[in-house]
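You will see chain A twice below: alongside chain B first, and alongside chain C after that.
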Partner chain A sequence: MRFRAGIENVTTFFRIMQSVEKLQKKCIIKFTEENMHVICNSDANEGGIQVWSQIKIDSIFNNYRIQSNSNNEITVNLTCEAIMGALRSVSTSSGVSNSASGSSYETDEVIVKLAKKNDQAVLNFEITGTTAGGRKVKIGHDVRIEVMKPVDVARLSEPMCPEPDIHVLLPSLQKMRTIVERLRTQSDLLAVRASHNGCLRLSINTESVKVDTDWKDCTIPQMMKEGASQDSADEPPPDPEQLFSVLVSVKSFLKFLSSHVVSTTTIACVCQNHCLILYVYIGDVADAGGVLTFYIPAIIDDE
Partner chain B sequence: MSQAPVLKASIHDVRYFSALLRGVNFANRATVTVTEKGLVVVVEESRTLLGTAYIFSDVFDEFIYHPDTAGDQASQQQQQQQQPPGEEIFSAFEIPLNTFLEILNGFGSAGGSASKKSGRFKAWRKPGDESEGHESDGNAGEGEGDQEGGNANKKARTGPFSSGSERKTGMRLTYIGSGYPLAMILAEDAFGPTMSCEIATFDAEPHLDLPFDSHQMVLKIIFKSSWLRDALSELDPSCDKLTFIGNPPDITDAGAQTARQRQRALLRAKPNFRIEATGTFGNTEMDYPNDREVLESFECISPVSFSYRFSHIARTMRALQTSVKTSLRIDNEGLLSLQFLMPSPMPRMNSGGVTSNFIEFRCLALDEEV
Partner chain C sequence: MQATFDSSALKPFTRALACLSRYGEELCIYASSETLSLFCTNSSKSAYCRFKFNKEFFSKYRVGDPARGAHDGVLGQLMAKSLLSILKHKTVELTLERCEISIVEGVSAEEAADESQDGLESKLIVRLHCKHNVIKTHKLLLSGSTTLLAPGAPDTSNETLLRIGPRAIRDMIEQFSLPKGVKSDPQLIWTFGETDVSVRSLESSIDTRSKAQLATELAISADEFDLYNLHEAPTTIAFHLREFNATIAFAEICGLGLDIRFTDPTEPLFIDVEGDNFETLFVISTSQPPGSATQTHLASTDSKKRSREDTPADSARFKKSMKVVQSTTDRASLARDTTPARSTLSLSKQMLPPANPATPTSNHVSNYQSSHAPHLASTSKLSQELPLFLPGSSQLSILDEAALRESGLGIEHMTAEEFDNMLEAKGDEPPVRTGRPCHFSSNRLARPGGRTMN
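Up next is the complex of A and B:
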């Protein structure tokens, strides 16, 4: 089992870990020849929110080399905090807050590799840099990992979801977060609704207050058609007024919104009475650098 | 309902409005009374403390009140009872104030721009502004509220014109009548999202009535709010009792010839106004000199001393932080009336003779015998 790569885009890597860390302390990272998958699917996860992501190797790494007996794939289980700590030591001119590191040196290269120290598998981060005085600096971080057995890896599976009822392009996640944070103080449940005329509505409804927050003219991508090909093609166009809605936990939704640090474009899919799926695109959509997929299960209200 | 709604009001920037309401936001249930002239919001605690915010109609851009004469019976009865000739017509209802404020700040721009909050707050702070100490006493939520309050305060003082490109929340409020929810529409700008909400209203319950008899007044002080604010924020939150002591001003100055004698007389003399806090860890005494610089007006006929629960007086902190001037009155029964004059929403309106909005707190004295 061999793994060695240079990290080119530390900021993005750091931000992905940052958004994932809000969900659970440990996560699974699966390296394949083309992609890096960051997975959060712990049962202990509050509210049952899951993240399945797929990030192109090229958008983060360079000189990427991987080798293993199981189809050249390596799956590891690690603590988010530890990997963030290692990445924080990398001084970059933009993005990552590295006030802790003091950034008294310029980073030249970051190498990550799979290693074994004292019978313990680790991901070794090696950061080389140059100080202002021109001296070479070398920083090493060992992140303890647990390499997962192929049997366990095979058992990992993405949640099954029905064909979404509607897709909608979300407005700025940061703005949404301000609003949802206020709503959280009033209610535990949040209804996410969208209609084909571009209306997105976040609602709460409690004994003392009812709030509807509406965004008009959201883009509704028409991607669902191709999937629905098995149905009769001459189906009437959907009613533009009809709102498709799903009830989710406000806390879970806020956890997803913390991914605003990494997002540029986010598409939400409503599967009525089943779940809310959120595709958070990393970098420009056109680059197809990667996508974080959040699954938030619906809460079925018996009322 | 065929009839026009009881109340229709709109406002282009809710900051000032929410700062006024935040001043009395110490209990969730508030009674709102609507009259021709504006809104009166009353909040009560432990049947001892009464907070009242008077918000006049000129705070709003639009304020249309239709007395609900054809309304349902409850309000009709109420109106008949409360309506001797010459008395104002009014409609009253109760709302969860905390919820109302939280929604009002739904975009995070009712208490000053949230994103720039911390930085701005420091910048606006005036020397001697001790509010920070107080904030850290409360829990996190309260602290935030205070900070926003302080921020709105500074904003209101400098006037809305100085804050050019700030984000503002506009609001339209409708109350159809008794039994209907309070409907509100909020928006930040024409392109952004709109928030429409309905807040449940409840029939107004009779609340504590603490009439202040100004003929029986024993102490009356008018001073800058900062003098009281600084004093209260200086106190340890573990204090449980606060005593206001007033003594009539000395007139025995005639005997003192030299400056030294006068000074000695001053030292011997009882303080004109003293705030004394008693707690588990000791006492704190704060004296105010009867100086025009400090006490703008001081009226006291005979020595007085009344104690109040510190936690009740501390409730006034949020209103104090926003206000500019304070009137402190105590009657012979020990009923304390604190009136906080709020800064005018627009500085230029001050000269126009527009009624100033204010918040009043009334608090019953502790029974010293017990």
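Up next is the complex of A and C:
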């Protein structure tokens, strides 16, 4: 089992971990020949929220070499905070860390590889840089990992979802977060609704209070349906007024909103009464460098 | 004791207090005729911090009353955060014109019984003169502690001296993502070689038993240090970061370099930072990490490593690092420099012999009465523009005191209680005495720090 790569784009890697860290302490990273997958699927997650993300290797790494007995795939379990600590000490022009703790070492190179230290598998990050005084500095981080057995890896599977009823481009996640934070204190359940005329509505409805927040004129992207049925042209256009809704846990929706640090574009897919899928694009959508996919299952409310 | 400083001196003073409050909770103040020292020790006695301000730092500085002899220093103890919160307030920074700090000693037990007033405790009075004639007066109780803690002078024969700018050392420490939190107390292991320095986080050998998820190691050239006089290579020491970070933060915000001195790993680390009319000393206990190279001075097997983690197996828990500070009754040692280079200077600054309870002067009692500040502005010979809070009567001259007596109010014959009742006001000016020598009784129990009055 061998793995070694140079990290070209530390910022993106760091931001992904930053978003994921808010959901779960530990996460699974699966390295394949083509992609890196970051997976959070713990059952203990609030409201059953899961994250499955797929990032093209080229958008983060260079000189990527991987070799293993399981189809050249390596899946590891690690602590988000630890890997963030390793990535944070690299300064990039776009500023990985916040300005208060910006490192003033100029990074020359970052190499990550799988290693074993004292019988413990680690992901070793070697950073070579230059100090403000122009001298060389070398920093090494060892992130403790647990390599997952093929049996367990096989059990990892994305949740099954039907064809979404509607896709909607979400407004600024930061603004949504302010609203939802207020709603959180009032209710445990949040209804996310969207209609084809560009209306997005977040509602809560409890015994004491009923609140609706509407965003109008949201973009409804027309997604190509996979395995498009032959009769797609014959399907009647959807009713613009009809609201497709799904009921989710407020807390899990808030957890998703904390990924606002990375998102440039986010598309929400409502599968009525089944789940809410959110695609958070990292970087430019066109680049397709990375997508964080959030699955929030619906809560079936009998009312 | 009275000291006045203006707004330009506020920043370094406040920063000093902020640094002190990161070291320990209780702050000791020692005012001698030449310097004002603020110092504190942390709860596990493994770190000590002292700021010594020369009298030139202040626009006015007076300790004791030269007329009455006895140049004994003034000593008191209070909560660092209390004083810090007074000075760090944002309106203070913007509007302060000058700040007066004075210490008013408490009376001895016998007199207190007679007078039945609350003069047993000494008080620290902070008077902030701000714009628009606003004067804010804060009174903090000072407790006299019986145990004074001061670091011992190091043996300099095998000393290593390093000098580094604060930014450079902060960059090094920042590479380590260390757990932040009240309970965490991370340590770093430093190895100084001939030409290179390496720093590791304590659990750098990740093994299956330790819980650490991340281990970091940094290797950097010794040239990053402005001065690198290593006694013997390689030397490895380990120490906790909490207080060290406070020192670095202070040095960085003041733009001052750090002089770091240490001998062998079991002796503490000394850091000097020198500024404009003040100098600071930080002492942090160190230990020799397990498995590092032993040197000619063999470390003792029970290292003075302090441990705050709850590991039952670790019997070194809460072990006092005796080398950092030791009890002393010698007040002179409080202000004494521990830098060898400055030892010649320090002799001239040597403070007076240890404190002994000084006998109170006989006219003490009567003076007390007459020094109540009147609340009647008309009889006051005090400043022309009437401040909101009348200044303490330590500024009353003999003439003013005479004026009080002549005013015929009969104030001078009142006891504190009667006076208070007359005015029916809380937070009156405390009985202020002009420069009285300090006489902390050795029997007095140290009370926990002061509460803010008023």
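FYI, the second predicted complex is superposed on the first by the 288 of 303 C-alpha atoms of A that agree within 3 Å, B and C clash if a C-alpha of one lies under 4 Å from a C-alpha of the other, contacts with A are read in each partner's own complex, and residues count from 1 in each chain.
Throughout what follows, a residue touches a chain if its C-beta (ideal position, glycine included) is under 8 Å from a C-beta of that chain, and two chains touch if they have at least 3 such contacts.
Everything numeric in this text was worked out from a predicted model, so none of it was measured.
In the superposed model, A:M84 makes contact with chain C only, not with chain B. In the superposed model, A:V122 makes contact with chain C only, not with chain B.
More residues of chain A lie in contact with C than with the other chain of the pair chain B and chain C.
By the touch criterion defined above, A:P237 reaches neither chain B nor chain C. In the superposed pair of complexes, A:G133 makes contact with chain C only, with no contact to chain B.
Of the two partner chains placed around the shared chain by superposition, chain B is the only one that A:K210 touches, whereas chain C remains out of contact.
Contact residues on chain A toward chain C in their complex (touch as defined above): 78-79, 81-86, 88-89, 101, 103-105, 117-120, 122, 131-133, 135-144.
Touching chain A in their complex are the following residues of chain B: 96, 99, 102-103, 105-108, 114, 181, 192-200. Residues 167-168, 171, 174-177, 204-208, 212-221, 223-224 of chain C are the ones that touch chain A when the two sit in their complex.
Listed in rising order, the residues of chain A touching chain B in the complex are 171, 175, 178-179, 181-183, 185-186, 207-216.
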